[in-house]
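In the two assemblies presented below, chain A is common to both, partnered first by chain B and then by chain C.
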Partner chain A sequence: MISALVASDFATPHVDYHALAPEIVLGVGICLLIVLDLFLAESRKWLVSTVAGLILLGAVLPVVTLGVIGSDVRSMFDGRYVIDNFSLVLKALFLLSGYVVVLMSSRDTEERTPYQGEYYTLLLTSIMGMVMMASARDLVSVFVALEFLSIPAYMLAAWRKRDSKSNEAGMKYFLLGVFASAVMLYGMSLLYGVTGSTRLVDIGQAVTGTDHLVGVQVLGIVFVIVGFAFKVSAVPFHTWAPDVYQGAPTPITAFLSVASKAAGFVALSLLVFLAFPAAKSVYEPFLWVLAAVTITVGNLLALKQKNIVRMLAYSSVSQGGFILMPLAVAGTGDARTSLRAVVVYLIIYAATNLGAFAVVMAVSRKTHSGEIASYGGLFNYAPGLAAVMTLFLASLAGIPPFGGWYAKFGAFKAVLEARTGAAYTLAVIAAVNTVVSAAYYITLMREMWMKPAPDGDESPVRVPRNLVAALVITGVATLAFGVLPGFSGYGAITGLAGAFGR
Partner chain B sequence: MIAVAVTSTWYLVLAAVLFGIGLAGVMIRRNPLIMFMCIELMLNAVNLSFVTLANHLGDIGGQTTVLFVMVVAAAEVVVGLGIIVAILRRRPGATADDLSELKG
Partner chain C sequence: MDVLRDQNWLLSLGTFLPLAGVVIMLFIPKRDEESAKLVALVTAIATVAVGAYTLVKFDYGQSAKLQFFTSHDWIRPIRATYTLGLDGISLPLYFLSMVITLLVIIYSWDHIPSPGNAKAFLMLMLVLQTGMAGTFVAQDLILFFVFFEVVLLPMYFMIGVWGGEQRQYASLKFFLYTMFGSALMLVSFIALFIVTKGNTAEGGSFAFSWFQAHGPEIAKTTAIWIFAGMFVGFAVKVPMFPFHTWLPDAHTQAPTQGSVILAAILLKLGTYGFVRIAIPFLPQAAVKWAPAIAVLACIGIIYGALGCLAQTDMKRLIAFSSVAHMGFVMLGIATLTPLGVNAAVFGMVAHGLITGMLFFLAGSVKERYHTLEIRRLSGMLKQIPRLGWILGFCAMASLGLPGLAGFWGEFPAIISSWNPAQALVGDGKLDLFRVLTVVAALGTVLAAGYLLWLYQRTAFGEPNPEFTSHGSGAHSLSAAANHGDDHGSDLHDVNTYEWIAWTPLLIAIVVFGVYPQLMFKVIDPAVTNLMRVFGK
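Moving on, here comes the complex of A and B:
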């Protein structure tokens, strides 16, 4: 047995350490964080959040050097783990939005939980899973990355263990998340059975010819997409999202609604563009329906919400539908335009939504309430917060000249370029919904600018420095992406994201 | 005695049936612990399916996948039981329907 192993032609795989540097920095950093937490006195625990932020920024460095050095594709493990421009852009997105979440968390966790070390360790672990997802090009690595990012997120959602709402959020997220993984895995096993490989590119070559797609292939594709539809909370698989967003600690809500969702979309685009390019007759109608229903139902349910976190939750469900839109025409339209639209939307949506949740956190420090009515009079006692919140809401609604407008423009452009009846119908549905969505964003704006404070208390809100930093980063990003879509660097980034390496 | 050769198809059908039982269990049962067990059943149906297909194709990829699935399922059990215990400690005998503080 052993001699057979020795005699086999096993060759040590080539490992490109520079390409793996972000993952290595994160991995070593996570271990350091655990050890550091052990030896810190209770009064100095604030160091943990600082170090966690530094680790994330440290992991961005190699991403930048890789991007500067060149656009060649670095492929490892027989093409199962690939660092190309697409993955670099998304790694930077995951790490930076993780950094903003750390900034948002620091004061909140200091005041509310004695388990700071564990909190940041789990947060960093989840980000590591996302970073791996951007490079995964194999069913197994996609699955492992997905679980790597989900399992810590289940624990973070249930973080306030004495709060029954947080418990309930964790439980719902866990059961539905694992259920979705099981459905997705069954789909993967079927795909493996009909194609004989777990590599996405090989699957893409085996699933060919729209006329002789066998039933098992169709079943496999549908199951895998359903699994990820849960992750990106597409209607009708969205029911967990508002409950989990409301019950989880607010920084974690921001994290789930942005980074976790983005990771789901990354996996979905990997599958659509690499594994199913020839199966557009299967995935396009399916994603078309998902996109149309997600945008519409998300919006209609957001209209009647009284709690701001639930309103933002349904708004993020509906925004997810806009990101599904380019994927629904990925086969008939131009694949590069579609992929670019998805990536640009993810980047801008991340900046905007994180910012909106940062404002929610800042305001709730004073009002201790999540009701939309409690935002009355915000402009009088906190004009700065009211102004940035208006910026984020306008961006989410897609009003020019803010970032969200440019993101929606890209999504519509990708859909219209497909030039089919179905694509035009989808664009019309989305356009109508953009108008509907403005209604609930403007309701909140009116509350902030025109109504008086509900209890007459107009003492100013004290915003901690970390939260100010998070607001500045997200606010500047939201504004810059909209006002200067062509500024140097950004155009290059969107161009970079246009192609997959093999 | 009727001798029937047990082919890959039998195992695949068994996997599909196990997956269906697990799926139905998650939908019907309301005890969180049992729902979780049904999800584990679904995961094991996936494992059976992977192993059978790997054997049928003569490819090692499917068998490797099973190892990953098993490790991940073990990690999920740890986290899931932790969350379920945290809930049941506060509210003994709670079912999934009782967990309805968050809705709308």
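Moving on, here comes the complex of A and C:
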């Protein structure tokens, strides 16, 4: 076996091409896209977005075949790059949300920017980073994947060159992101220094070996978590999110709030389950506080927003808190339940939030406004859009039979599974917060259903076909996850390879 | 538990048939209101037909058992199942929900509230129907939760879009209160699951039968806390004092149809939850909570009655009377005796029939007079005698006149509180319950007071000149008189659609009043079966 190899005498690593196929398809696709962009006439640039979409779908194919054929774990590079059910589900999630973002982008960029080739190249590169993140099982590969996905995202946030808000968004995102990376890297270096390995599993074993954690270990763990807390915009490290979300082009905002956030959570889960399983006395209280504060503060700030994107930004901060909840009890509770809760939350949240942003884009084509008040009368002149938006908002609020309830259910169940006073308290805090969050989701519903159109303009909204496709995909997914959550495939996740004592 | 699995598709059909109507209606253009109404009507009739078939096929000799039982895997990773079943407690409520929806749709034929859009209105109504019926037949906690919540959004929109002047405030209040309750309820459901499944990572189940078997085993302190969460969830829905404040606003602002459904069915989801879930699953906690529930119920009875006396708006008065009536239901439940719970289930149905009817009447009065201010209404018996008489009939039924349905909900509830369950007597709570018996009995007097006073002020005397043909308000009303018979005024009496919608309810009120055994014999075996845990 590979693990038997000693590091000193070099042997050509075994490469499992089937396992790497999604990454290979993406990599080749990205190159193809750049070349294609060079040779396309300006009038035919729309082809780029179609091809980008096809590349993403093409990359899903091997994920499916891997899922169908191999039930075993495929491990490469001495267990530093692993394809198991966990990573397959998440790869599919990243690729498909990427596809929806492409659908949302194509019309948008067509109208606003000539740089189609660059846009999609960067988007695909970022997705590539995420796909890698799902398989990374080593501090270095985690870090590389993270930068891979972040750096194109910084540029995409600043895509509207002549819009000062977009520039601000890019700049803010970049500076804070780099700062977070620096903190994280420092934490990683400490961990490496203490444990002598960059492999997550080794770190996990080394941390177990000590009877009590030494100060440096604690520092390393906290720094790494803080770094990722920036990525997932947990309070108090969330301050960049609303400005960036508001300034960035809407498809990119959707992308950041869903895919990029999910990647952060994937990394966080890897660390918690693989690298710190024995350090629960450190990360559990820390994540507990982060989760409670994130849910509460995110909600309270969302309540007073007047702009829909900012509202959704704070809402996504608060939703992030819910995803942190299972991680905060990962050691005391049932680890498998916690891991599943995180994954299923990510999946459902992705479908729902992407859908909500797609509606925002559709509506803004008519109203040219991001104010919540501009949604007045939507039910009268665009009942379909109002209905799907209601679906997404209800899902975010966690009302059955839309997906969100199941996501929240999973989070609650994971937390209660720990059966400690702290866990019960966290569950009650979260339960009360669902009500607070319902208040702002309902504000928007009220605007759409019960208020007249602010300017009296009741002409129907023309929704371009690609947006309709995005809405159908996300809407059907959101409903399906709510009615038959068992089919989402996450049930196949029996654990992280290497975690849970296996 | 024994179950009968014959015709196990029947409940699924009855529950989801309305959704089929919704899907068809999606393809009807918004302008074609007639087709939308027709599809909704046909769907509702078909649903009631399925319900009637269920009534016929129900084995009344074994009404303690779950019948038409079906069970499938639903969400395997969390052990939730798709389990439906119907026993004597569910049957009346299940069928009532179908009938009420049909009647409301008939009533809607010429009463689509402003701002119109019959298609959306009726679609929401049918979705509501699925949620209501599903709640009464679900035999799995997660499935129950989902159905319980499905009613939330349609009702919110019904109040918020088609409601009165303060509709946005009222609908928001309704939504947030209910949401708060159900969030805590969900947490306690999960906690119950985790506690009962023991320390194994796998195992356990969300099916009701599992909790019936294993709920009574859990430690008392834990059970009391879990009960607390369920209590909040169900008590908001009932609503019990002090969680009732959403109800007067929601009822007053909701369109007639919304009020009827809210009063007739939605409130029962809460009481049904107590009877079906909270009390049988956590009997040891129920014994501890019962005195508190009984006290709150009695506060509700008196407070609701006093609230009624202070109202100037007819619809708001009826809404407050709901608080009082649901107090009787909760008092019956809190005794933990078969008699009390029988009374409670009967009271749910009776309240559904009577108060549903009263809200229909309030809607029709509003439509004719364009006001519900009691001060301005008078002489209804002279002006629109049939409507006036029906109002009188319903007021009598509501105050618990023997011989009408309302009596059989209240009277046995009061009686049962004199002799609560053995477990409560053992806890030294007998004196408390006997005091409450007196308080509740006093409540019936107050009920007679406010209802008769309401009737006297609105129906007796001379018609208010502002609503007679010589009065100033006549012109705006004359249009409405076109399709009604004229009685020397511009106000039309009960019209055809109203007759069709109301007659079944009126007949049911009399039938169940004269022959309550008809329902008691269906409910009783099931209730006795659930209440076995409390001894006598």
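The rule is simple: the second predicted complex is superposed on the first by the 475 of 502 C-alpha atoms of A that agree within 3 Å, B and C clash if a C-alpha of one lies under 4 Å from a C-alpha of the other, contacts with A are read in each partner's own complex, and residues count from 1 in each chain.
The definition used in the following text is that a contact is a pair of C-beta atoms (placed from the backbone, for glycine too) under 8 Å apart; a residue touches a chain by one contact, two chains touch by 3 or more.
Quick caveat: nothing in here was measured; it's all calculated off a predicted structure.
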Fit or clash between chain C and chain B when superposed on chain A: fit
Chain B versus chain C as contact partner of A:Phe286, first or second or both or neither: neither
First (chain B), second (chain C), both or neither touched by A:Ala158: first
Contacts of A:Arg310 with chain B and chain C, given as first, second, both or neither: first
Partner chain in contact with A:Tyr381 - chain B first, chain C second, else both or neither: neither
Touched partner set for A:Thr390, first chain B, second chain C, both or neither: second
Which of chain B and chain C A:Ser197 touches, first, second, both or neither: first
Contacts of A:Ala438 with chain B and chain C, given as first, second, both or neither: second
Angle, in degrees and to the nearest 10, that opens at chain A between the C-alpha centres of chain B and chain C: 140
A:Lys172 touches, of chain B and chain C: first, second, both or neither? first
Nearest-approach distance, in Å, of chain C Cα atoms to those of chain B in the combined model: 25
Chain A residues contacted in one complex by chain B, in the other by chain C: none
Chain A to chain C touching residues, read off their complex: 334, 336-337, 340, 379, 383, 390, 394, 397-401, 405-406, 408-410, 412-413, 416-417, 419, 424, 427-428, 431-432, 434-435, 438-439, 442, 445-446, 449-450, 484-486, 490-491
Chain C - residues contacting chain A, complex: 30, 73-78, 120, 142, 145-146, 149-150, 152-153, 156-157, 160-161, 167-168, 171-172, 175-176, 179-180, 183-184, 186-187, 190-191, 193-194, 201
Footprint of chain B on chain A - complex, ascending: 139-140, 143-144, 147, 151, 154-155, 158, 161-162, 164-165, 167-172, 174-175, 178-179, 181-183, 185-186, 188-190, 192-193, 196-198, 242-243, 246-247, 305, 307, 310
Chain B to chain A touching residues, read off their complex: 12, 15, 19, 22, 26, 32, 35-36, 39, 42-43, 45-46, 49-50, 53-54, 56-57, 59, 61-62, 64-65, 68-69, 72, 75-76, 79-80, 82-84, 86-87, 90-91, 96, 99, 101-104
